[in-house]
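The first chain written gets the first letter, and so on, giving A, B and C; residue counts start at 1 in each chain.
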């Protein structure tokens, strides 16, 4: 098993991008990552693409081949694979790319994540997102995706006293960070009042507790660490990679308030990296809903179960806190083009560890973590990175 | 016919109600006068997720809860309704599956306006008598529709009742049953039309009254009985006035019909109407009580029954399911807007 | 379209009658039924037996859906809950027949037979379970 480093990153603006098609978005992100990496096209051994539901959003499956094609690599006949794990598709694609290099099969791969969600109507987008849930036993009976996270929130509030205000603080923090991110969908701060008084979507979650529908793509170039400096001055090493699964339906979980898949994935990554949660300087976590961020910082081991709400309230996870979470603006403010998110999280951490995060730079950022979840927690991928 | 009759019964009335006055005010009419004239104060309204199938299942399950028979021993299911969820695909199969009576089961759906349920009782009685089945399940249920602004809007409501018919553990013997039927176009609904049409005052004397009185006289002649012999009488109840009038015409008193007269509180549940009335009577009946029932269905016909309650009714666990009066009083009022939403008056695309 | 009928038809025993199954090896009860017991695995092969739930349970968490999927738009706002059934399995279902403000964790409920959704005006109607407050008996 050899070490793997990230040598290039790129992403498109996230938002409602009427002018950009699926193909244009992924080509743009890929091209940026390749230019950033210092490699040339001929150096690429394989491509991996994370996309949750290209079929339902743009009627197109078989996007591994499509992405290789639009990127101009079909004449090289490079292996191109699409990876799917609902909202964790991007993180899973990174992990597949990572394995292919760590195992010695490939030296350099490009991993992309893409979702083009706005071409279908709003309710179609919602229904497609709900395919991440259990179709037969959750969605069939009228549970929506926000509804599932709301079920987690109600129980979390009941068991641990988490408040609606603490949920709102997550949204406020992430918007504050997003305002500093030129790629974010929403670059505007919001107030606690706006967050608390927003229209109810699924009690207790309101509009400001939910990540938006977004178009966007992100891409990274992975390289065997031993070769990384041939191309890149500041390679960022992946020192830990973990993955976990859990029951598809929320009602089948051991504990509604804990994403055991996250705990499992995180432990795997910490073990491989030989570190503990205390060593993490910053994290990009999967805040598809505000409650998800609260559970994430608990399940990743940063605080004890039930203390996530307090942590937000005590401003531990702000940009200048002891553990900045979602400096990019998170899914809430940066946007959540489903398949792209997992890859975009890697882009943010790499940018931070390289010291290139401009106005949202975390001081002395040395070790960063990404946390990408599928559905209501049935899949989780965690990566830990450090300057090489 | 001895010892063939009702083995158990159940009923279901949805909990929403809309007042006659609230409907009237939407159409600029005098609600108090209409309520008085019709003898209907309010009517039941189904939830958006309820229909004839769900009501039938509730009533059938209630009947099963009260007795000890094995649903697999039910050999036939006949559900009568004017609002079967499908025009083609029987409600009986859905209910059969939901109560665990499939697959050794004879099923077909019935239609005969408001007497489709009692027709089902007659068929089950005959099949038990012929030893073709051990138990039969007859249900009358409806989520009846009325055109907005039409007079029927004040009475068309939702509800149903289920009766298990057999030879074993009979709680009420069906001594006699027969029908009086003619081709009388008093009220109808053409295929593929949403709302029924009717002949106004023609629905009275030549229709409702003619068929009920003839059928009732027929039954009493065959049974050798007089109105005074009965503890209870139930007549089809399209409004609160007709059944009171026909009872008087036949020589029955208001006291005899009171227990079975539910229409003032829940409206006309069409195929459920006389059967829900019968269920209400069975809720309080004692061994030895004699019950007279004559239903009416437009088109037109009446089914009559002469019934005697047996000692076995004391073994029936009547309290295992809610009584009709309990359900009548377990209610929540809604306004016309909600009513329109629930009864699909609004067109969705 | 009318292409979901087979998928729905297969689940009728579960949706109409809450028929799960029980592991013949460890006696754990599952709903919906599983091919294998996740705890006993190969010991449970050919050893899973149908088991009908009573329909009674307790709400362990809930939400009120205000923005619903297209098929449920007419019903908003409606409560969805995770219910711990008396026999052990947990189920997701809609709570009906009560004001949504009444729904709370710990509320005792029992199943009831309702229309769940339909394939438009011309497609099949899908029936199944919802839950209402238990009268307690």
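What we mean here is this: contacts are C-beta pairs under 8 Å (C-beta built on N, C-alpha and C of every residue); 3 or more make two chains touch, one makes a residue touch a chain.
Here the structure is a predicted model, which is why all the values come from computation and not from measurement.
A linear topology is adopted by the chain contact network, the touching chains following one after another without closure. If each chain is reduced to the average of its C-alpha atoms, the one that sits nearest the average of all protein C-alpha atoms is C. Rounded to whole angstrom, the centroid-to-centroid distance between chain B and chain C, based on C-alpha atoms, equals 31 Å. Here the CA centre of chain A is 59 Å from the CA centre of chain B. In chain C, the residues touching two or more other chains are 75, 116, 130. In chain B, there is no position where the chain touches two or more neighbouring chains simultaneously. Chain contact summary for the complex, chain A toward chain C: residues 123, 126-127, 130, 134, 136-144, 146-147, 150-155, 158, 199-205, 249-252, 256.
Per the touch definition, chain C reaches chain B in the complex via residues 12-13, 16-17, 74-75, 96-97, 112-116, 125, 127, 130. Within the complex formed with chain C, the residues of chain B that make contact are 15, 47-51, 53-54, 57-58, 61, 85-86, 94, 97-98, 100, 341, 348. If you check the complex, the residues on chain C that touch chain A are 7, 11, 32, 60-72, 75, 77-78, 80-82, 90-94, 105, 116-117, 126, 128-130.
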